[in-house]
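Residue numbering begins at 1 within each chain, and the chains themselves are lettered A, B, C and D in the order written.
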Amino acid sequence: MLYRESGQFKTSYPADQAIFPIVQDRWGLIAVLVVAYGVVPFLIDDYWSNAVLLPFLCYAMAALGLNILVGYCGQISLGTGGFMAVGAYAAYKIMTTFPNLDFIPVVLAAGLITAAVGVLFGLPSLRIKGFYLAVATLAAQFFLVWVFNKFGWFYNYNATGQITAPPASVFGTLVTGAHTHPAVTYLFCLSFVALFALVAKNLVRNRVGRSWMAIRDMDIAAEIIGVRPLTTKLSAFAVSSFYVGMAGALYFAVWLGSAEPTEAFGIDQSFLVLFMIIIGGLGSILGSFLGAAFMVLMPILLKNVMVDSLGMAAVTAKHVEILLMGVLIIFFLIVEPHGLARLWQIMKEKLRLWPFPY
Amino acid sequence: MARQPIGDVLLKADNISLSFGGVKALSNISFDVREHELAAIIGPNGAGKSSMLNVINGFYHPQQGQITFKGQTRSRMKVHQAAVQGIARTFQNIALFKGMSVLDNLMTGRNLKMHSTMLEQAVYWGRARREELEHRGKVEEIIDFLNLESVRKTPVGRLPYGIQKRVELGRALAAEPSLLLLDEPMAGMNLEEKEDMCRFVLDVNEEFGTTIVLIEHDMGVVMDISDRVTVLDYGRLLAVGTPDEVRNNQEVIDAYLGVAND
Amino acid sequence: MSQDLMFLTETVISGLMAGVMYSLVALGFVLIFKASGVFNFAQGVMCLFAALTLVGLMETFDLPGWVAVILTVAVMAGVAWIIEWAVLRHLVNQDPIILFMATIGLAYVLEGVGDLVWGSDVKVLNLGIPQGAWDWGLDNLNLYVEKLEIVAAVTAGLLVAVLAIFFQKTRVGRALRAVADDHQAALSVGISLRSIWVIVWTVAGIVALVAGVMWGSKSGVQFSLSLIALKALPVLILGGFTSVPGAIIGGLIIGVGEKLAEVYVGPFVGGAIENWFAYMLALAFLLFRPQGLFGEKIIERV
Amino acid sequence: MAMPEPSTTAHPPAVGDADTLPKLLLQHARNRPNSPAMREKAFGIWQTWSWAEMADEIRRLVCGLKALGLESGDKLAVVGDNRPRLYWSMVAAQCVGAIPVPLYQDSVAAEMIYILNDADIRFAVVEDQEQVDKLLEVKDRCPQLEQIIYDDIRGLRDYAHAGLLHSIAELQTLGRDYDREHPDFFQHCVAETRGDQFAIMLYTSGTTGNPKGVLLTHDNLVITGRNGVEQEGLTADEEVLAYLPMAWVGDNLFSVTQSYVAGFCVNCPESTDTVMTDMREIGPTYYFAPPRVYENLLTQVIIRMEDASAVKRKVFHYFMEVARKFGSRILDGEQVDFMDRMKYRIGNALIYGPLKNVLGFSRIKLAFTAGEAIGPDIFEFYRSLGINVKQLYGQTEATVFICVQPNGQVRADTVGVPAAGVEVKISDDGEVLYRSPGVFHSYYKNDKSTRSTKTEDGWVLTGDAGFFDDEGHLRIIDRAKDVGKLTSGAMFAPKYLENKLKFFPQVKEVVAFGDGRDFAAVFVNIDLDAVGNWAERQNMAYTGYTDLAARPEIAKMVRECVEKVNADLAEDSRLSASQIRRFLILPKELDADDGELTRTRKVRRNFIAERYEDLVNALYDSRSAVDVDLEVKFEDGRTGRLLAKVEIQDAEVYGVTELRKAG
């Protein structure tokens, strides 16, 4: 209904292969960006920043990464929490070793280190598939968390065993530590995530993305065509871990400020991010964002309704929340196993054909 | 430019024997395929035709014998090396990438022709962009060649069987192979679809000069379009020759045609 | 016996006992995976839920243990029925990963319901299973073995025997085995796929109850029970997803290997390696034998 | 796509002294070299040629044709779908003074022979293997045919016809070499073209006899095209979809001449199957289609809406009702209540806008329908959506334009007022005559026909009967020679009856009889799509057209249509006597392959009357059923027999309800 595509014809391959070939979609994206950059920073406060926007952005980044591995390359991973921990601890070590370093290279380096670790744990994927691989990634999860708990070097031998982000800045503006402005941290994370969402989109619509999907859909045929399983799977692990590592760095340094491995990077984190991409939509960049938004907002909404409106006790509300999350997950899987992104796609198709049904 | 004349030996199978856990799939098979030739391997189900294809493109490693392709002899190789050497194939049970569009399936077929690095692809600039656009153009030629225009952006999982077969042929062609292996390209098709597919196979051979090895259990179709036919039966080589020679071979008649005529 | 050897034996035995628990949880996974192809992530939470229900019934209504056990079995059957009715039947023919995710959702629901109904604090489970060291062993062999562990081992052994009889001798059992191989075949036995699912989930629930009771008696009924149950996953890798003997032997190997590693390797790397050792062991194992202990080498065809 | 030239915004660019298409081409290539001139959907995208690029392509074609020996005055046949290279070869031929002769691409080989020989075709430019095969088949019987040039090489590599067959690519390579040796040749050729030279020869299919080649000059085309552009305010920004046969005069005027005059871009669809999709993508601003295209589209809309959800259907019907009431009035600039205007606005946002968008009508500024009368319901439907559809009345011999409906005065039942530069008069016996700059030069090699059609002082007899109504709009009743008399002496206009019946979606074709008879009676072809759809919804099983046509339910349905027409006719005293008393449903669909229709799908009444003589007689005697035994031609060229029993049906007639008004 909103789509008026008549007259939007493509006279070149660049135009035809654009990320948003339809004008109305481009306008939609611009509108979102205008709100995100032009409106939100003026309305933001600590609550919105810490409870909603930063978690959303950090998790969106992690979901992007996991979606590359699971959604695009078809390799199930339950080790996201562990890889986020690698990113966080890498960032911590770099920040404490080089206190004056700009935060952008810190995040990138954390991502690269995580990518290396990810490749290491991705090696078994060459021999094992499916749930066997999923279980194998649990090894990464538990091993990594154990490592960060056990070896004092990682937390600079401090007494609490926690890591706390020292102040760091981007082009001279503080983005971590106690004295940050919510609009600044928000804008920083937003820009990072937006940029890397674009990168992810570029990857998945290029050769490497097609190779991932080929391995996902029919690995033997892919190999016969000349797609190398080794490099393809490991590249997916590397890129995925790079994103998850950066997400871990942002999560720890910008959002939480301090973290303790078992709590912040436990197996629950792995599941949370996995839920995000399943509910958002496997194999969809947009889905990563939708899933992250859903999983961040839903508990807040539920809590608001139950505790604030219905006056439920906080403990009971927590239980009900867990219960309802479970119900919602099952409900979603039954109604639309391909996630919010598919729902959006269906709706868009309908709008494009309106008033006709097909 | 008419059809290219048949040239030198491109592929040579020497004394191939293959068995799985004691079961002989192929025993002492030798034959060759010449450049620009359209060769067929026929035989009833279980004759070892698919095993032979799998040996040629390195998916199975024969216990005995060797394959010579473009003058290079090998006994073992990695699967994707066959692709590097210019061997492409289709599968008896369609093995397309179901979640991807026709366009993306064909583009994946050109995987080996693309060389941009991941970093270039990440920013979609320079070589990566150039490559994408250039290869899109090539793939569009194949889409045009196989009349797939109306489905180019449809995920292949949603297409009817006959079209999927055609897309698979397209994916193999996208690699611009020097040897094309077709595993029962007409299986499960109705007469009209079979005729279309025959036309496409002949056109491929004619327009691109591609050497084709095609396996089929339905003799009728194959006899009409092949230059030479190799007949297998229970893993044994029964006969090699022109369609006419094979048709008149007593052993083939007994083992195969006789059955078909019952 | 030398001191070292004695210590080794004790370690192995305690490992074997832990292994029995892992085997029990893994058994639940295998049953469901075999019959419905569902990788049931909620198996661990089912242990917790069953144990919670049992304790809750006993505490709240002051019921004798055996009555509570029977009621709990009934509850688990009810849960199985609800799961089939509300979840499984709507997800027939979906990708395995979707079903897997659904069972994670299920885990949340069971956890939420369990906590809501019975509260989330640690509960002591006392079914009258004897506690303390096994006196005879201590006296005669100088071995320290918990009585509870012996009971657990015996119970587990009995359970496996009962299951074996159930699968071999009863009509339903045979149908369950058939369904694992071929859904059509199962239908020809005359039992609907849905009833089979309900039955298999019930059986898995009973297995979960036994595992929950054992763990619960040892260390109290609490949320960590469901996490310990994750240990069953490497067991599955070792034993294979569809093999009952694999689950048992895999469990024992993991139990023993983990204890040995903790005792002999742990001190050199800072301890607490129990958390991950099982996974690493499984992982290393897979690299050499991807099809697991009892799986067959698959010949890929194209 | 906004053009920088200010001259293109409101008025067409001044064409100055460019009086031929080749000159116009060079003028655009010089003045606005980078503006798009032509697009073709190929390899997934709209390949675009600017005016400069197009001129360059044509330049190589001209030189290539010259190198192959095409001379001034030669005839060059063009056969195929709307492909840029075929369009270019027409202009290329004009450059050397040769005359392009476009042929219908679906003509069978036998039909081609006549035209190839009649027009003395030496060169043929064709689309693909299919057309090459047809030409090769008739080559022996067309000795003067020397060269066949094809566009698409697919499947033609193996053809061994050296010296006869060339690809356009080869031709252009040849042309490049020739151009290098004779660099002034092209410019010189173009400069030599004159307005009074022959620009094109178009064969009119004609309802009787052999087709006649209508010779049109550059002046005919350019002046008529320019008049139309100025009258309708067309600019260089228009987008046009070229999808109608190249052999039709309209395509030559709208897709070629007016594009060359105004400088707008012409778009060629990917294939005939994708016209709908391509139309949607391009979103033309200037559009033309015969009534049946509008009719098919509307049928599709209705059928697709049937499958929509109940709520959506309700909303759709509600707003279509609003549109019916106010849409055309708003389009015609009449006064409409504020509230009603708002309702229409909402409907536009919810229904009309999206609907037009899906159909590809969003950007249309002007749409023409011509060739046949259009059903008032269909016509009103499009107008009510806010699409400016207008009827025009034209002929090949007039270079299309005779009458056009002016904006704001659009009626379903008239064809408007004389177009710019056209004089129209009605002869004493009611025939429409016109004189215009578009009047054709002559029929090729047929002076007799030329003299009988065109008077000494330039008036052309249209052969149509008509009259001007009170508002000065021309109304066409029928072919003049077809207007006959019933035995009672009352006027009988068969086409008028036929059209009225054809406006019902269930009815596809009608053939009316009555001249010299006691009363009017008709043959009916039902519309298999519409009726079949209806039958399916009634759970009525049928095996095909013949089966369905014999069903009593269908007869009843058609009778209702006939009686509605009768009631309508009864309103008009001039026509009341020709109410339809008897009808029958033909057991087969009328088909151009059987010679029953012309290639433009016009009914060949006399041929049908002969072929179905027994059925015609049955309409006028008392028989209630007839057995027929017909020879039919199938699509693949085989022939077979059709045996069927046809029932003759009676219909109610009405008395004159109104006495004739004065005048």
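Assume contacts are C-beta pairs under 8 Å (C-beta built on N, C-alpha and C of every residue); 3 or more make two chains touch, one makes a residue touch a chain.
Since the structure is predicted, the reported quantities are computational estimates derived from the model, not experimental observations.
Student: If every step must land on a chain the current one touches, say how few steps get you from subunit B to subunit D.
Tutor: The least step count works out to 1.
Student: With centres defined as the mean of C-alpha atoms, identify the chain lying farthest from subunit D.
Tutor: For subunit D, the chain whose C-alpha mean is farthest off is C.
Student: Please tell me the distance, in whole Å, between the geometric centres of subunit C and subunit D computed from their C-alpha atoms.
Tutor: 78
Student: Averaged over CA atoms, how far is the centre of subunit A from the centre of subunit B? Could you give it in whole Å?
Tutor: Once rounded, the distance between the two centres reads 41 Å.
Student: Which whole number of Å gives the spacing of the CA centres of subunit A and subunit D?
Tutor: 58
Student: Return the distance between the CA-based centres of subunit B and subunit C, expressed in whole Å.
Tutor: That gives a centre separation of 49 Å.
Student: Where in subunit A do residues touch at least two different other chains?
Tutor: Those would be 13, 220-221, 224.
Student: Would you please write down the residue numbers of subunit D that are in contact with two or more other chains?
Tutor: 44
Student: At least two other chains touched by the same residue of subunit B: list those residues.
Tutor: Residues 59, 91, 95, 136-137 of subunit B each touch two or more of the other chains.
Student: Spell out the residues on subunit B that touch subunit D in their complex, using ranges where they run on.
Tutor: 1-3, 136-137, 140-141, 143-145, 149-150, 152, 203, 206-207
Student: Quick check on the complex: what are the subunit A residues that touch subunit D?
Tutor: 1, 3-13, 15-16, 353-358
Student: Which residues, counting only subunit D, touch subunit A once they are in their complex?
Tutor: 36, 39, 44-48, 239, 280-283, 301, 304-305, 307-309, 312, 315-316, 350-351, 353-358, 360-363
Student: Which of the residues in subunit A end up touching subunit B in this complex?
Tutor: The touching residues are 13-14, 17, 199, 202-203, 205-211, 213-214, 216-218, 220-228, 235, 239, 283.
Student: Using the touch definition up top, name the residues of subunit B that touch subunit A in the complex.
Tutor: Contacts found on subunit B: 57, 59, 79-80, 82-84, 88-89, 91, 95-100, 104, 107-109, 111-112, 114, 116, 118, 121-124, 128-129, 131-133, 136-137, 171, 175.
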